[in-house]
Amino acid sequence: MSALRPSPIAPTVDFERDGVQHGFLRLPYSRDDSAWGSVMIPICVIRNGNGAAALLTGGNHGDEYEGPLALYELARTLDPRNVSGTVIIVPAMNYPAFRAGTRTSPIDKGNMNRSFPGRPDGTVTDKIADYFQRELLPRADIVLDFHSGGKTLDFMPFCAAHTLLDKAQEEKAFAAVEAFSAPFSMRMTEIDTVGMYDTAAEEMGKVFVTTELGGGGTSRAETVRIARRGVLNVLRHAGIVAGAVEKTPTQWLDMPSGDCFAFAEDDGMIETMVDLGGKVEEGQVVARIHSTGRTGIAPQEIKAKMSGLLAARHFPGLVKAGDCVSVLAVEVG
Amino acid sequence: MSALRPSPIAPTVDFERDGVQHGFLRLPYSRDDSAWGSVMIPICVIRNGNGAAALLTGGNHGDEYEGPLALYELARTLDPRNVSGTVIIVPAMNYPAFRAGTRTSPIDKGNMNRSFPGRPDGTVTDKIADYFQRELLPRADIVLDFHSGGKTLDFMPFCAAHTLLDKAQEEKAFAAVEAFSAPFSMRMTEIDTVGMYDTAAEEMGKVFVTTELGGGGTSRAETVRIARRGVLNVLRHAGIVAGAVEKTPTQWLDMPSGDCFAFAEDDGMIETMVDLGGKVEEGQVVARIHSTGRTGIAPQEIKAKMSGLLAARHFPGLVKAGDCVSVLAVEVG
Amino acid sequence: MSALRPSPIAPTVDFERDGVQHGFLRLPYSRDDSAWGSVMIPICVIRNGNGAAALLTGGNHGDEYEGPLALYELARTLDPRNVSGTVIIVPAMNYPAFRAGTRTSPIDKGNMNRSFPGRPDGTVTDKIADYFQRELLPRADIVLDFHSGGKTLDFMPFCAAHTLLDKAQEEKAFAAVEAFSAPFSMRMTEIDTVGMYDTAAEEMGKVFVTTELGGGGTSRAETVRIARRGVLNVLRHAGIVAGAVEKTPTQWLDMPSGDCFAFAEDDGMIETMVDLGGKVEEGQVVARIHSTGRTGIAPQEIKAKMSGLLAARHFPGLVKAGDCVSVLAVEVG
Amino acid sequence: MSALRPSPIAPTVDFERDGVQHGFLRLPYSRDDSAWGSVMIPICVIRNGNGAAALLTGGNHGDEYEGPLALYELARTLDPRNVSGTVIIVPAMNYPAFRAGTRTSPIDKGNMNRSFPGRPDGTVTDKIADYFQRELLPRADIVLDFHSGGKTLDFMPFCAAHTLLDKAQEEKAFAAVEAFSAPFSMRMTEIDTVGMYDTAAEEMGKVFVTTELGGGGTSRAETVRIARRGVLNVLRHAGIVAGAVEKTPTQWLDMPSGDCFAFAEDDGMIETMVDLGGKVEEGQVVARIHSTGRTGIAPQEIKAKMSGLLAARHFPGLVKAGDCVSVLAVEVG
Amino acid sequence: MSALRPSPIAPTVDFERDGVQHGFLRLPYSRDDSAWGSVMIPICVIRNGNGAAALLTGGNHGDEYEGPLALYELARTLDPRNVSGTVIIVPAMNYPAFRAGTRTSPIDKGNMNRSFPGRPDGTVTDKIADYFQRELLPRADIVLDFHSGGKTLDFMPFCAAHTLLDKAQEEKAFAAVEAFSAPFSMRMTEIDTVGMYDTAAEEMGKVFVTTELGGGGTSRAETVRIARRGVLNVLRHAGIVAGAVEKTPTQWLDMPSGDCFAFAEDDGMIETMVDLGGKVEEGQVVARIHSTGRTGIAPQEIKAKMSGLLAARHFPGLVKAGDCVSVLAVEVG
Amino acid sequence: MSALRPSPIAPTVDFERDGVQHGFLRLPYSRDDSAWGSVMIPICVIRNGNGAAALLTGGNHGDEYEGPLALYELARTLDPRNVSGTVIIVPAMNYPAFRAGTRTSPIDKGNMNRSFPGRPDGTVTDKIADYFQRELLPRADIVLDFHSGGKTLDFMPFCAAHTLLDKAQEEKAFAAVEAFSAPFSMRMTEIDTVGMYDTAAEEMGKVFVTTELGGGGTSRAETVRIARRGVLNVLRHAGIVAGAVEKTPTQWLDMPSGDCFAFAEDDGMIETMVDLGGKVEEGQVVARIHSTGRTGIAPQEIKAKMSGLLAARHFPGLVKAGDCVSVLAVEVG
């Protein structure tokens, strides 16, 4: 029922107009420090005729930077004469979180990637999700959503798509991943899809591609280069930007089961025994958790439940019980 | 005058007793949630006879992990039969900051390395500094204080000592740096020494060695190995631990002038154009700061004022006006 | 379904009893600092026989003071012998917000005027709205809800009612506005009515009158006099209080379109170029936003999209992107 | 509909395995300081064959300690050879609240005992409630949920059960209360049962027993002894633990009407005129509330609306308008 | 030097005027929410001619209630015709802390009893201490300062004075303690006297008496009666209030050494094995600290280092490393 | 001694260079979110030869806007060809407070105008004060420091100077006030000068002029015009800017005694009975404080202790005991 209510978000751009437009999604947000305030989410539309449309997003989580760095730059530099169709760029999707440098929104603690399909009368995060669900996703043929590990995880750089029931759709997505040309490419099987932007796009039949390009709440020159090359490659692959895909080698990975993940059962100081990308044998100690209240206490050891590469790890020096400590992946293809 | 008042800190270890003792420096700290509470700073004393004494510290800043990871491990594993003299280990010097995972103390915002010589009637941080100044430093012949970049800076891994007026003292310190065997070794000329632990130790004539071994509020397997090898090497070099120094090659560096440092003049999202350890030419853009309030705005460019290696950089993805963006160093020797 | 559950709010007054009663709406609110605590919302009932009933409210937003100042005074001084019917006074409707001096509730950030029809099992704000929806509004024939600009907006003083589909109902409301006799009177066409108390009352067919009497989180002697005269005039007009309406001249205003509103697109320091009530020509600069990070930067200019009077403006000296900067109105009648 | 979605909680224990298992309910909880974090709720299962099952819980409110002290101890010491059937122990049901020492969850302010039946896609507190509703309660024949007054209330120690429509079920519950052998035993008639764990259990036909064993956010040696004896007695009474009930005398109490409760109408400093367990006559002053802004002001007196024993009282020295000041009970049986 | 600057505090009472005056110590305190604000500390002066003067204080720590309850009542009820001399009552010495219900000041975290002699240009707490040091203490012959355990400690009720070098002064203080007639009376030997109000008074040669009358951040009817009787007894004993001392039996206690105190070395949930006033033998377990992160872990035991009565204990259910767990005292006399 | 230590502040402008420079005072500030961060205080130097120097400041308190609005504009528009000498502009002196929109610094709660002469090794606010004391004030001949009422006070607009012992200096200051040409001009006799910037400047013999130009944490077009005209007038009067003073009429005022000020003795909702600039007779009620916990309570009345104009008043709708409620001034000359 609430789906019938119009979105409170007003765009200052016209999605049907050719050329480059830099504007905002204005979302009214009344609060103690601004009775008639709004959240102003930057949006850029670059259009040249009636071709295919790409929807490009960063800042789905607010502490991940490769995506925003690639997309603010793309919005500033992409010449519409090289475009055929439409490129919609929202470089910082959960803009309040992005401004705060936090994963979730400081306004409502909303995790954007668990808020779909959203609600027009929900929280600020819900309202943004609803606008993507009902206004932006339907306009797109291909969707690229940038992620990195954020402040608390670090990843080997990969582009990824999901295994899907619709194998034709899946095939298109994996082809786009291949075009992206990250050092690694991941086949992901999502177990818990509740609230994900990915699923929202896939259920509409869109070609959906995502990434994990580093983490720790920072970026590196190298990972930013991967992101910039990748987004152009995907647009070229889709025929929206002129020119050939700049292909570089990629290693395909798989996460075959829940044994990929290890979790801490105690608070403490973490010691990673293997660096990112390192090979791990089943039974090997991948991390130790040190109790710090006194000296002389033996650390807890966390052992690998399978063999593989260390694809991701807990980033901060301190760890809490329940935190994901490490993720292993296996090379395929 | 306040220097004559005894420290309120009570150790539960006996510095004159042989063997291994795991104990606390108990610092009374009355507060709303514990009227008769204390801060319990872990300390370990490993002693075997009347030889030289080393004072080893980590957690001077609470968000730096290579030092604590090396020192909790050393305290747990060092066999007193291999020791000749005394090893005093305080793996988390600013313990309240270390428990909170923050650079400064959550109690009083005290930056330990700007709090010397401390005060017995000051803040909690002041009282800890005073105890080191009056009780621990006088017991030591050699002092090793571990640092890394913390949550907001990232460093190429180096061990360092200061240029000193007393050249004999300086020479001993540089020899200890050489023994540490980090990948890089730094000659530092401190300009503003006010309140530093380093200076407090050096003014007492101690051999003082420090490090910067990474950063970002995390650690890597590789940097922890450097720290563990380094501390043992320094103790072997000093004759306190039996065995030969495990020497590996090191590249000496220098920071010749204030031109090493670049600062942001605007808030925004930072893009590092060069990764840590990369070569930079004078005039090259080392970083760009992107305005994020709307798309289509050209970033501010920050250019190198000299040529060198990128020795350190701002870590988080967002930057504020006044933040140090990059530090350059030159290879010497 | 939840509408069938009884309200958890228990009044300590009897709405059917003649005379003056000063009491509470007691709303159980279990929380960390009071396991069996309650919110105690002051209410006053002044009744003399079976005549018409007025429901008078202030503090719908907690940082607006003309309403509470008029209503606490009225509750203290209105002699039931001068009354014919019932006057129900809730001088601080969102009482937790009023006590905190904030627009929204410090308990749940609830904006009372966006919370109707409320829920008996929702937040504290939802529960209050539900009690008005199901218990208080049904008792009333005429409803007067006081507003001012609060801490972040400032208004020319006006009384207002909405254009309604039921023209007989609308006419009664505008007649009550005329009786109020504020310096200005406003015809309002509400676009987004979701959750408003106004709409809840109007949908029940009540005569609903509201005000904007100043702002900035303060009040002036003059605006308090307007409020006190206005509420008595409305009660006299309704025949609930004896005596003639004290009529003074009023200027009717209209807000013809969305061009009335201007919004900031940048953070900064705001400079109002016209004071409240001043005349503005289309294209005139009504405000400038100064960047403050350095000197020498030209301010952004905000221009009027129509001609009119400056009816409202952003109040605090700093402004954020998305804030409403100015509201224009045109004189009619 | 949401009830059909599986719980996100994964237990690390096997409810069908004999012996003692110490494990966790792992509840994924993504947040700013841990992107892939979890809440780890300790659980212990002690099983010996196919007999009856008891579900034992403490920490429903996080600042009540008799229950957790009895249950961590029971989990550590109960020998499965003395068990016939299954004992499921969750000593700190609202574990985030328990770790914070607060009544409600610091994550979402959830009051566990007002969150049933919960939701698998709600807040952290909702998800825990849902897991009890759908996974744990169905496994149990008898349910014992420990409460005390928490930081803001203090109670005479009693065990209690509710009057129920199903008199056979009620009789079993009162028999279990009698077996518990607290100094006092209470017949409770719940008025507002919305969201209670008690009601959730009773509606499934379980034998449900609860307690109030002191309060103030502390425990006493004596009340802990009552709790430990009580839980063993209930398990013996249910035939799950071998041995006879250790019966001690108990005085039955009743709370006959809303006159049992008195509430503050003003903020101030509270003075209890009668200590816990003291006899009170109707009209007697049970508490005074002192205004503290200046000296010389007469306190407000709060008088008993009935005669009885002081069964509970407001604990902190300061009181707010709306707080429950005192609860009276009458001796029966 | 700062001592020569006058206090910024302005009293609204005249210390030389006969009769009862209820007024304030007004302390200017400019802050964000009140540019020209003040702290208004209630004070009452009851004077009848030129006799001896008593200075009576509560709320030295803001979460202790027996003193304020006795002193607001005394200020309201003491008839100056029964007085000979002057009674100065400051029932809530650290008034900002008292209003917040916290041990220390919410403004500056100042612990009043560690802030003497204070400073006229220091924090708000420093300024209050300075006013007592230079203006109030010099006016007094006898000083009674009420304490209880506050929110984090609980005490057996006693009145106390210090052993002093001036044995005549000490004798007068112990005689006043005897007159107070608390159930217990304590001889205290203060080790660390830095900043104490007690010491400030004693160094001026005043007769200084203090108490510990309970704790937990609450009060009981019984402990309030002890406080009220005690303060009148001390005033009668001093000849300031007419009438005979109401003597009741008291048991003298002593705390012979540092072995009285036990401290926690771990965080956890505390279990008191002995209730307040209970007898303890050397080596007996007085408390256990339970780890709560998982079930099945043996608690840490804290053993008595001497025999005695449990005179005080940690109050909250959770405990942190460094907290004082228990205090033992021995019966003397 | 600390005065001999150099300031840690580094200016990026050269005070001896002709022309316009827009730069920063860079103050190193190490903190948890930026280990090597700085505060960047904007400064503008406009110089043309060796004439007299003016030091112009706003944002001494961070929530006062007329000064910053006049000074950012002046810095942007003043043509050095119209200057003879030097104009140093620091439009936001307590820059951290100004950015936060608060009276005092969010870093250290420092009130800049109570922090002089500052300390090079103190808080951030102390360091800024020290830089003005030792580096900027000595460069100036005339000093103009803008103030308004801030968020919690509102003033009739006036320019002011202090009565001084040095009557020649006083005369020059009053002449500059007269040149400023505010609607009102005030002779101020400061009682408590501790820590004031005013006094620091006056003690160096500088001509010091200040203002109060409105308040409430906002500005009006009219008061900004007064500020802009005033600063140019003062510069023209001093011969630093070319052209004649634009003289407009001013009414001189005096605050003859402490009877000018009235303070609240209770918390509540304030009602101003007279608007700013209104005439008040001795004994007249200037404000009432309403208790809001229940209806039906008579307000407290605050009466004028002398006759005069209402020169300033408490601004927010709520008031706390100790707040300054009103300031009266008398017309002179």
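Labels for the chains are A, B, C, D, E and F, by order of writing; each one numbers its residues from 1.
We adopt the following convention: a residue touches a chain if its C-beta (ideal position, glycine included) is under 8 Å from a C-beta of that chain, and two chains touch if they have at least 3 such contacts.
This structure is a prediction, so every number in the text was calculated from the model and none was measured.
Colleague: Could you check which of A-D, B-C or D-F has the same interface as E-F, with more than half of the contact pairs identical by residue number?
Modeller: A-D
Colleague: Counting C-beta pairs in contact, does D-E beat B-F or the other way around?
Modeller: By number of C-beta pairs in contact, D-E is the larger.
Colleague: Would you mind pulling out the distance in Å between where the CA atoms of subunit C average out and where those of subunit F do?
Modeller: The answer is 35 Å.
Colleague: Between subunit B and subunit E, what is the gap in Å from one C-alpha centre to the other?
Modeller: Once rounded, the distance between the two centres reads 43 Å.
Colleague: Calculate how many whole Å lie between the centre of subunit B and the centre of subunit D, each centre taken as the average of the chain's C-alpha atoms.
Modeller: 49
Colleague: Using the touch rule from the top of the page, what residues of subunit A touch 2 or more other chains?
Modeller: If we look for residues of subunit A contacting two or more partner chains, we find 24, 40, 63, 265, 293-294, 316, 321.
Colleague: Within the complex, which stretch of subunit A touches subunit B?
Modeller: Going by the criterion above, the answer is residues 20, 22-24, 40, 42-44, 63-65, 68-69, 72-73, 75-76, 89, 91-92, 98-99, 101, 154, 216-222, 224, 269, 271-275, 278, 290, 292-298, 315-318.
Colleague: Which residues of subunit C touch subunit B in the complex?
Modeller: Touching subunit B: residues 265-267, 293-294, 321 of subunit C.
Colleague: Which part of subunit C faces subunit D closely enough to touch in the complex?
Modeller: Going through subunit C, the ones touching subunit D are 5, 8, 24, 26-40, 121.
Colleague: Inside the complex, what are the residues of subunit F that reach subunit E?
Modeller: Touching subunit E: residues 61, 63, 102-104, 109, 111, 114, 149-153, 192, 194-195, 263, 265, 316, 320-324 of subunit F.
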